[in-house]
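Below you'll find the structures, each written out as structure tokens.
You will see two complexes here that share subunit A, one where it goes with subunit B and one where it goes with subunit C.
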Partner chain A sequence: MSAVLDEATATLDASVEEPKPARPGRGGSRRKTAGDWIVLLVAILLGLLIAVPFLLILVNSFKSPADYNTSGPLTLPTSLYFDGITAFWERVDFPQKLGNSVFISGLVAVFAVLLSMLNAFALGIGRVKGRLWIVVVILLANMLPQEVLLYPLYFMFKEVGLYDSQWAVIIIFTVIQSAFGTYLLASVYGTFPKELLEAASLDGASRWQILWRVVYPISRPTLSVLLIFFFIWTWNEFLIPLTFLVSNDTQTVPVAITVLQGDRLMDVTTTSASALLGLIPTLVFFLIFQRTLTRGITAGAVK
Partner chain B sequence: MKHTRIVGAAATIATAALVLSGCSGSGGGGGDDDTLRLWHYESDTSAMGIAWAEAIKVFEEETGAKVEFEEKSFEQIRSTASQVLNSDEAPDLLEYNKGNATAGLLSSQGLLSNLDEVVADHGWDDQLSPSLQTTAKYDENGIMGSGSWYGVPNYGEFVEVYYNKDAFAAAGLEVPTTLDEFEDVLQAFADQGVTPLSESAAEYPLGQLWYQLALSKADRSFVDDYQLYTGDVDWEGDEISYATETIKDWTDKGYISTDASGLKAEDAGVSFINGDAPIFFSGSWWHNRFSTEIDGFEWGTFLFPGAEMSPGSAGNMWVIPERAQNKELAAEFIDITMRPEIQALIGNNGGVPVAADPADITDEKSAELIANFNALTDRDGIAFYPDWPTPTFYDELNAGLQELVNGTKSPAEVQQQLGEQYQAGVDDIVG
Partner chain C sequence: MAIAPDTRALTTRDAGPRARRAPSSQIPGSSRNAYWLYLVPGLALLAVIIVIPLVWNVYLTFTDYRGIRPPEWIGLDNWIELAGDSVFWTSFGNSIAMIVAMVVVPTLLGLVLAAMLFDLIGKKFGGKLASFLRATYYLPQILPAVIAAIVIGWILRPQNGALNQMLEAVGLGALQQNWLGDPDTALPSIMVIMIWVQLGYPIVIFMAALQRVDPELYEAAELDGANWFQRFQAITVGIIRPEIFVVTLTCTIAALKVFGPIYALTGGGPGTATIVPAYYAYSEFFQSQQVGYGATIATALTVVIAAVSVVFILVQNRVEQKEESR
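Now for the complex of A and B:
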């Protein structure tokens, strides 16, 4: 967590100090102002605020129920207790759920990025007629609440025999995620330097070649960021996987976590443990790829 | 063209996942003649989980059929049942939630099998007392209480008083038998500076206490009016006025903390477990947890003093989907779960069986619990829950009682507001 925070502070510092070379005349040698410190303080406070639920999960995952009952949720565990984690692990067959989640989120991320890129190439660089309206229609998939989509999707997938199949979820999220991806990439590609495209076509490149040899390499940082977001967003999806993955052996991690929620009772420590287990994979994924994230979502100017 | 590291890595992960999960596509579907597909959402350490695991064993031995069991989450069955039961993935038998908005709704949509014949054949109607049958029967509009059988409850639940025996002994107090004695007990603790009642107004506990107070002045026809819409409920009448004013009175006297307005049921339960509050008025669903997690003091239970009726109902129940493939096997399984030995397992593990032989219950605390429940059902004292009549009344009742406990509204204002909200909700249902 602190690594992320440091990174955030570092980026913040960089962005605060960035204007200096641009305005050398105005007190260039000045150190950080009071304003800078306030911004830094606010950022740290925000970071802590965001970290609190995570820390609570961490603290309570390793507590025994008896410990929780006597000391409440806010204190540190008196001794480390791993039964909650192992109980949840075995009860839902966690490795299988993890495999399902990685399978679904991974495929959705790859497919959705590919689809977004193809769409955006047509809309942003191809400049299709009425592209604004096409983007608006595509964005509907993102803007409609999922509850509204649920029943139509249920009947459609039941008709084609994909109800209770992971492919239903993969197809749905590929479309939903690529809606956002198309919107974002289309505007990025809309500002793509014309000289590059013209140079490429003068050299005799076909559209396909322009896409793969010019546009793709240059927009790769943006694509990577999208890929990471799509992976994490799909990972955390709940309602649609809950509806479409009926059999236990097709279910994802967030759906498996609900097994612990009863009609009236909740088991705080085991629920924390399950949340921790569900959170670790996305956290690991994020930490591995965070450098790409901080590179910025609209990067991709001429190199 | 250089390969992107990230895209490459993600693709590798995806491929690995593909290989790992193999062809774990759709499971289930098409039924064998001798396979029973069974779903429920009780954990394997709970009373029902233990008893039903045994029932599965007995069933497989006796019929030679195989049980394909999946433990579902309560949340999943609650929010996806109508879709699943309308598809080929419907199981043969599942545990489902009782009530107008759940089993009632699905029965009126034709998704659940009518069980009238099966119930009569097996004599389950003789095993279940009348107030437990209420939630198993639904009319053509899906309103409970009359009409055909659509479910078979296997366990019950009710609300009682849990008390800390050590704290009672230290204060020289006896178990109260009338409401006046109960108030004396509360006063005795309040005099010592202890808040006697562990309450939560953010969730169900205070609503149930409020309803219990109304019940102490009520008869069966009040409950029928309130729950089954057989007549108008007088929101200015004795029953409800007494309940609302008593909550206010108890708060003013310090029996209920004003902090309760922000607390959840879990908080209230924990404050009883760790000994902070000597009395907790809540449901039998806590019994198992208290047995395993309280080790600092002795505790016991009694029914709310001075009342013929208490909140409670049959538990969630077995239903057979209309699209089930093996309805006969499903009925046989239900029959096994109604047998005394399986019912005794529920009882001996902290649950409340509906058809157990009291002699089979060996665990002392469980025997006390079941004796309380049987006392209630024998005098037709199961009065259901205050939030049942309309889909939104749970939140409305909690909000009203929070304002009462906070002191932002007077009892008269609160019950007038609740009355209007109740009536609006009921009008929507009855039409």
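Now for the complex of A and C:
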């Protein structure tokens, strides 16, 4: 799935604005009609429908295969069964995969934000010649189907001894993610408050100093949103990690889970348990950072 | 707002006579040529990781290459074969289905649902409830695609899968299917799954955009006797148009590139019922070892995506200019 899609995470918690109190004399706007209740019911049913797969995962991850075979996927487990989860945990060495994913996604997020910032400084504030076309070329990294990269990069990384190294994956995703970051930041910097830049330059600050003492602090909210996007997007990536991380102990969480499908070990409830373990890290990450993201977006917008 | 990058900032020149004579950076007294230095790391990495592989791929499309012996130049043979390859055209036909499932339905449904949550549920039942529902709709988006596919594959299993069991439980056992294994139901099943995955994205973006809508506009329209749908059409859609463009473009690119769910759910099968260009290229690259031909498919796909994106951006600019000159 395209990483771009997860962009939305940022605004998820920007909680819906409370309506202003109705004006005197127009007090009827808060009255709930039958139609309103029907709409609410439809909205809640849709939410349930969307959540069904998640509920099914939860219920069946704690069921024994025997329990599943007799009572099927729809009932609550007769007794809590943790063997599926522990079997999967040990089989893939889950803590190690978790560590790999955090290492790769974390470094990519930091490097890609840095690279985006340097690019955007030249494009948005430096306004170098031909900047529109430079942005289009950089965006190619985003438009390209990733299969195009596999063979050439395989040979190139093998040549320099980085095949089956997490650094290969880190370098590739730094470039891919920073394409989106450059696109976004260049337009943000294009409207950067000019007075600040002028004041700094009157004070004798060099370009490098202006970047770090003026541009960086002021655009920090946007940068932290990008940082979190990049982390989640990289975490969810699949094809390139699958190709470049062949040995077991360098793999990421999604790759480790997918590779095990079809394995003898994977009965129905273990599959469910593996999915549960696979979605918990992103869910936790999402819950921790949704507040930060809200603040980021709002602060950026107020400026 | 960060969601809808303003491309105009990149294109418009500085107003004013001074700027026109000597185009300069935003920092007074510093020549814009000096900023090339800051582009060096980005462009160097881009060249190595993206441009060289891209050029290499275009070269491979003119060769017969099985991955072992050096590529052998065969001119346009791959491209001629591609033009007559029915699997390739089937895969692009399925791309249309993916665009319906990942762009058309989620965007339209997302517009209505976002307006409904923001406008009706948020205002009459409280913002907390609306936020909670929005987060629920968004859940499938934070799930890694391949893991989502595993879960869905398990729910859709012909034997003891949850969906078939549910159908039986409510007395609709006759509707039980081998959902992903039957050529008639495989593609529609994938489409439903992709709608499930995608729906949260436009809802969240559109709801953020709706906060820009001035409530007084709505009140004025209400006083003029406009009903909900008229207000939705005239005010809502007009104001969040930039976000509609961004959502449509990013989803279209994603739909054309879709790979993970197909890889994890059906492998393009049964037969070629659910094959998409990205998966077809992958299978030629790695299963058939027809690297030259795989590169041809991937390059064709790249050209289509780039062309769609450029046309889209041009149309967007034209619409924006028209709006401004009104």
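Criterion: the second predicted complex is superposed on the first by the 233 of 303 C-alpha atoms of A that agree within 3 Å, B and C clash if a C-alpha of one lies under 4 Å from a C-alpha of the other, contacts with A are read in each partner's own complex, and residues count from 1 in each chain.
To be clear about the criterion, a contact is a pair of C-beta atoms (placed from the backbone, for glycine too) under 8 Å apart; a residue touches a chain by one contact, two chains touch by 3 or more.
Treat the numbers as computed from the prediction; the structure is a model and nothing was measured.
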item	value
Partner chain(s) touched by A:G72 [first = subunit B, second = subunit C, both, neither]	both
Contacts of A:S272 with subunit B and subunit C, given as first, second, both or neither	second
Partner chain in contact with A:L40 - subunit B first, subunit C second, else both or neither	second
Partner chain(s) touched by A:R127 [first = subunit B, second = subunit C, both, neither]	second
Touched partner set for A:G106, first subunit B, second subunit C, both or neither	first
First (subunit B), second (subunit C), both or neither touched by A:T258	both
If touched residues of subunit A are counted for subunit B and for subunit C, the larger one	C
Touching partner for A:L56 - first (subunit B), second (subunit C), both, neither	second
First, second, both or neither for A:W212, with subunit B first and subunit C second	first
Doubly contacted subunit A residues - partners subunit C and subunit B	68-69, 72, 239, 258, 261, 268
Sites on subunit C touched by subunit A in the complex	1-3, 5-7, 9-11, 23-30, 32-39, 41-43, 45-46, 48-54, 56-57, 60, 67, 113, 116-118, 120-128, 130-131, 133-147, 150-152, 154-155, 157, 160-162, 165-166, 169, 196-201, 204-205, 207-208, 211, 215, 219, 250-251, 253-254, 257-261, 263-264, 277-278, 281-282, 285-286, 291, 294-295, 298-299, 301-302, 305-306, 309-310
Touching residues on subunit A, where the partner in the complex is subunit C	1-2, 4-20, 26, 29-30, 32, 36, 39-40, 43-44, 46-47, 50-51, 53-54, 56-57, 68-69, 72-74, 115, 118-119, 121-129, 131-132, 134-153, 156, 171-172, 174-176, 178-179, 182-184, 186-188, 190-192, 194, 197-198, 200-201, 207, 210-211, 222, 225, 232, 235-236, 238-239, 253-254, 257-258, 261, 268, 271-272, 274-275, 278-279, 282-283, 286, 297, 300-301
Subunit A-facing residues of subunit B, complex	1-2, 4, 6-7, 10-11, 13-14, 16-18, 20-21, 24-29, 41, 43-44, 70-76, 79-80, 83-84, 87-89, 97, 204, 265-266, 270, 273-274, 283, 285-286, 289, 293, 295, 316
Touching residues (chain side subunit A, partner subunit B) in the complex	65-66, 68-70, 72, 91, 96, 99-100, 102-103, 106-107, 109-110, 113, 154, 158, 162-167, 212-213, 217, 220, 223-224, 227-228, 231, 239, 242-243, 246-250, 255-256, 258-266, 268, 289, 292
